[in-house]
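Next up: some structures, all given as structure tokens.
In the two assemblies presented below, chain A is common to both, partnered first by chain B and then by chain C.
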Partner chain A sequence: MRRVYPLEERCINCHLCEVACIVEHSATKLPLAAYHVEGLRFSAEDSRHIPDPAESSERGVPKPLTRTVVQTVEYLSISTTCRHCEEPDCVLACKNGSLYKADDGRVLLHEDKCVGCWMCIMACRYGAITRNPTKRNVPAVRNNGVNHHCDLCPDRETPACVWVCPTKALVFEDRDAP
Partner chain B sequence: MSTYFEEPNGRVALGLRRPEPGDWHHGYPEYRVVRDDERCIRCLVCVRQCPYDCTFYDPERHAVYNVDSNCVNCRRCEFMCPTNAIEIVPWGGFRENDNWRPWLIRSVYKQADTGAVSLTGFGNDKEYASYFDRMVIDASQVTNPSIDPLREPMEMRTFVGKKPDRLTHDGERYPNLQCETPVIFAPMSFGAINLNFQKGLAMAAREMGTYFNTGEGGLHPDLRQFSEHAIVQVASGRFGVSLDYLSNSAACEIKIGQGAKPGIGGHLPGEKVTREVSRTRMIPEGSDALSPAPQHDIYSIEDLRLLIYAIKEATEYTKPVSVKIAAVHNVAAIASGIVRAGADIVVIDGFRGGTGAAPTIIRDHVGIPIEVALAQVDERLRQEGIRHEASIIAAGGIRSSADIVKGLALGADAFYIGTAAMIAVGCTACQQCHRGKCSWGITTNRPDLARRLQPEVAAERLANLLRGWGHEIKEMLGLMGLNSIESLRGNRLKLRGVGMTQVELDTLGIQQAGL
Partner chain C sequence: MKHVIIGNSFAGVFAAEAIRRTEPESEILIVSRERQHVYSRAMIHEMLAGMVQEPMVYLRDWDYYEKKRIGTLLGRAVTKIALDAHAIGTDDGDIAYDRLLIATGGRAFVPPIAGLERVKYHTFTTLEDARALKAACGGRTDAVVLGAGLIGLQCAEALRHVGLNVRVVEMADTVLPMALDAPSSEIVARELAAEGIELHTGDTIDLIAGEDGHPSGCKLRSGARIPCDLLVIAVGVRPNIDLAADAGITTDRGIVVNERMETSAEHVYAAGDCAQGPEIISGMTMPIPVIPIASTQGMIAGYNMAGKRRAYRGGLSVNAIQLGGVQVISYGFVNDERDGEVLRVHDPATKVYKKVIIKDGRITGAIFVKDIDRAGLFRHLIENRIDVTPFKEHLLSPDFGVAHLPAEVRKEMFTTPQ
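== the complex of A and B ==
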């Protein structure tokens, strides 16, 4: 299947992939609306730590969190997204079947099932799974939330991060052995 | 990424600004960064992209700030901003004065602040009239047919080097460069530009059947595979010169002068001498690479002849040897001497030529325009009957295919483009090459910046530029009724001057428009 592959030597650490991801997964798909209307309190930096979901719900629809995270070490940087593995460890680790391997090869989430046990985060060897605190299925648990990872932009032919990358550091291609 | 309180010169973007007596030139910003706060989504792309400490993020207030006095108008943030929130505008400036221009006032401030020589990069940006822009090209009407280059073959191939005295079938032939287009990439050394850009130049040269020039910085091992398309330079510093270097090339070039800074040597600041540069140049890491002003073994034409033949002996007479000089007064006599010294190619670099670093005063005031220098050299070599003994490459101020066609008619065999090649890969002419932190990743060796320019992307854009210019040159040849570059070379009847004095017309060897 076609996956998003990063080319480390081309990444210039601009984080536009994160911007494109947020805009693509917003309600309107418009950047100004996504950032300004759908939750002013969330900044790009905020997506790394977890605010209180009650706080964001005051403003209606919260801004989506990025599903790709640029990891940086000195001048090296790389955009990390879900590998949609052949045999995904996260799906094996998921205790109630909320993560599943879809027919087209994508690893997807039943958002209403996830209880936020974070075993998928423990299991993922690529660090490609983050927490989405803006949804929670177990209200009793503080800092609960749901699994958050790349869904390969179901509304698009090419994922938004690949489309936006100014140095073509992300490619969307099929590298499976024939 | 910097936050607002990390500003290096101690001034805080949000804090009270102190007018510093020793820092007047920072007191009046040249540009203002106008950021539309309604459009700004705080993605911080601009903060991450700015290498000039102009854009800062304040995480406490979740706000982006700009220190306008640090902005150099490179426009990287404007280009990268995903919501078009940024516009760089010129600062209002001082009271209108046609004599004391803002840049002059600033330059006096800067030198009064520092007591130093003011450095700059890029090429001469002052208001000298361009002769290229006052020459117009002829076209065929009724009495001679024009040619459609899309339907009929056009010969663009150019041979650069010494030609035989007379045509014989089995006579002596001299090594020549075979260019599929008359455009060659100008000498830009590894160090002044980074390896990514040099690889891009080399790949584009190979694809388009032309050449790139290593400049004085030696040939990096990664570029060995392109040696058939490399002109290697021997400059006064002799950086990286060895027998191996001379042999792995298409031609060797002795650099006497550079159009942007005639009469002075090169200066690569120590910050740009990284490990790779130090290995290629064979100098210690982090040390300034200073080339002497003259070549200390060349004080006369006879000395030049010794070096030319030393290189020819070393390469067993298999490669043309070129000599590059800056266009200065009396250039015709100098070029004649160079040809008589045995050079196969004479490169003349006009005063609009670019540089990685030069004193501003020298860049702006020394040298002469390439148009007149080229016309005079071609004329002189013809008069002396030695024009066939060397090809002329014109450099320094070639901006478009029209300049190339006009230059061909003035007598050049081929052209170097340096600045145009940089602009093709993103340069916005902000003139900060000497600072080594080009935000477009061209004139920088900082690894985080250099990766902004990828060799494949650069090569594709450079090849596109040459392809586009090639089409335009063919069109212009066709409309003159010519089907090869050879027929235009030195054909000054195809040029007319507009708005020039008789002396200027005579110097260029062309007629007034209308005659």
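== the complex of A and C ==
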């Protein structure tokens, strides 16, 4: 299957992949509406690591819910996202079958079933799963949310992050063994 | 080829799926003592608390067996394995197999306690247990849970959520003594106390008083007396090995398996909580009753049963725990700090606590409280025995990520299909 592969030597740390991802997965797919109308804001608070997205959301500074994350150390940056593994550790760990490997190879989520137990975060060796606190299927649990990870942009031929990348630091390729 | 699987949970289901992927035409039969559609035992406390609707408890859709062409005999207890005849015996006739998977899981262990034989008590591992406990809650006010392991604490939280006074009695000095270390356990204990759950650690029940077959109070070793009209025993789970042992299959604490999930008997495999397979850090075999290991062992067993040789690299003890709104993730041997270098950050104000134990450059245990995102990277570092010495000062920094890893590790992770 075709997957998104990062070329770190081409990455210029512009974070446009994150913007494109957020916009693509917004209701309107328009940048201004996605960021302003849907209430997602960049802020000083958002620009650094926040231990609990649910708490930051309650404080009124929701972190834009990107599914691809640029990770940076000094001059090195790399855009990372779900690998859509052949035998996904997250699916093997999911405690109620919310995560599944679709017939087309994508690792997807039954959004209405996920209870936010975070077995997937424990299991994913790529650190590619985040918490979406805007959807809560078990509101009685404090800081509840659902799994959030790349879905390879079901409405697009090429995922938005790959399409937008100005330096072609993300490619969408089939590198499976023949 | 006829594949028979005893057990209808994670190991059994992932085995059946691996077989179906490899052999589209072979016959697969799942036999289970439990009548329920395939469900998750890790969801029963949320069921008990009334926090989730019943469909969320089920692991797969209703038409799952039909779609995957998996036969089922649910509500049928297996009574024996006849190795010579290549058949299993049930309470309603024998069933022949070409390949057999034992995925019988574990059962609640109930220790002898004075007075226990005269009163009604509950265990908490199956959906049936949860339904029985839920039905028994009516009119009760004071629940006592013996055991502050994961099952005990989840049960306690659920009982508290439905409005009972809840007291937890634990022999060890801390809660979750197996999964956590003292500081992280302390964070969880405070959260539980804030929810109104009374913890009696370093104590145990010496005597259970009862009236008309119902508990009325407990006398603790410390001398304390606590009210009790609903009793849950959750001191631990033991692998179900009797079927295998009675058939002469090698057992220890669990059913002993090699890296292909083969037992000592030809064409008989075991996987999940009942199995004793290789552990990845120590290289020893041990039962590790956690979902990812059950699923992975089941998948490996399934491939081998279908003739596709696959080796299991060994299990890593892992936990993802949520109690009192605090998330905890742990890996490996979290309390064994001997001869190890311990890195630690602790911020009581935010309840963030992180610890990593390093021995000979390799991580052997790690705990993450509250700040859990990207914790999975540590699983990769542990399982692949990656030398963390060159970047260990970054391990616990808030933005630790793949960019901190050596270039060759990153390359292996992000340039080829995984």
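Just so it is clear, the second predicted complex is superposed on the first by the 154 of 178 C-alpha atoms of A that agree within 3 Å, B and C clash if a C-alpha of one lies under 4 Å from a C-alpha of the other, contacts with A are read in each partner's own complex, and residues count from 1 in each chain.
As a working rule, a residue touches a chain if its C-beta (ideal position, glycine included) is under 8 Å from a C-beta of that chain, and two chains touch if they have at least 3 such contacts.
Bear in mind that the values here come from a model prediction, so they are computed numbers and not experimental data.
K.L.:
Looking at the superposed three-chain arrangement on chain A, would you call chain B and chain C a clash or a fit?
P.N.:
Overlaying the two complexes on chain A (C-alpha atoms) leaves chain C and chain B fitting together cleanly.
K.L.:
For A:Leu32 in the superposed arrangement: first (chain B), second (chain C), both or neither?
P.N.:
In the superposed model, A:Leu32 contacts chain B only, not chain C.
K.L.:
Per the contact definition in the header, classify A:Pro154: touching chain B only (first), chain C only (second), both, or neither.
P.N.:
The answer is neither, since A:Pro154 touches no partner chain.
K.L.:
Going by the touch definition up top, name the partner, chain B or chain C, that contacts more of chain A.
P.N.:
C
K.L.:
After the fit on chain A, how big is the angle at chain A between chain B and chain C, using C-alpha centres and going to the nearest 10 degrees?
P.N.:
140
K.L.:
Check whether A:Arg10 is in contact with chain B, with chain C, with both or with neither, and answer first, second, both or neither.
P.N.:
Touch status of A:Arg10: first partner only.
K.L.:
Per the contact definition in the header, classify A:Cys124: touching chain B only (first), chain C only (second), both, or neither.
P.N.:
second
K.L.:
So after superposition, what is the minimum Cα distance from chain B to chain C, given in Å?
P.N.:
Least C-alpha distance: 14 Å.
K.L.:
Would you pull the chain B residues touching chain A in the complex into a rising list?
P.N.:
Within the complex, chain B touches chain A at residues 38-39, 41-45, 48-49, 59, 62, 80, 82-83, 441, 446-448, 451-452, 454, 457.
K.L.:
In their complex, what parts of chain A are in touch with chain C?
P.N.:
Interface residues on chain A, with respect to chain C: 1, 3, 5-6, 8, 48-49, 51-52, 69, 71-73, 76-78, 80, 83, 85-87, 89, 91-93, 95-97, 113, 115-119, 121-127, 129-131, 137-138, 140-143, 175-177.
K.L.:
Touching residues of chain C toward chain A in the complex: what are they?
P.N.:
It comes out as residues 14, 40, 42-43, 46, 49, 51-52, 55-60, 161, 291-292, 295-296, 299, 318-320, 322, 324-325, 327, 329, 331, 350, 352, 370-377, 379-380, 383, 394, 398-399, 401-404, 410, 413-418.
K.L.:
Can you list the chain A residues touching chain B in their complex?
P.N.:
Checking each residue of chain A against chain B gives 9-16, 18-20, 31-32, 34-36, 43-45, 74-75, 164, 166-168.
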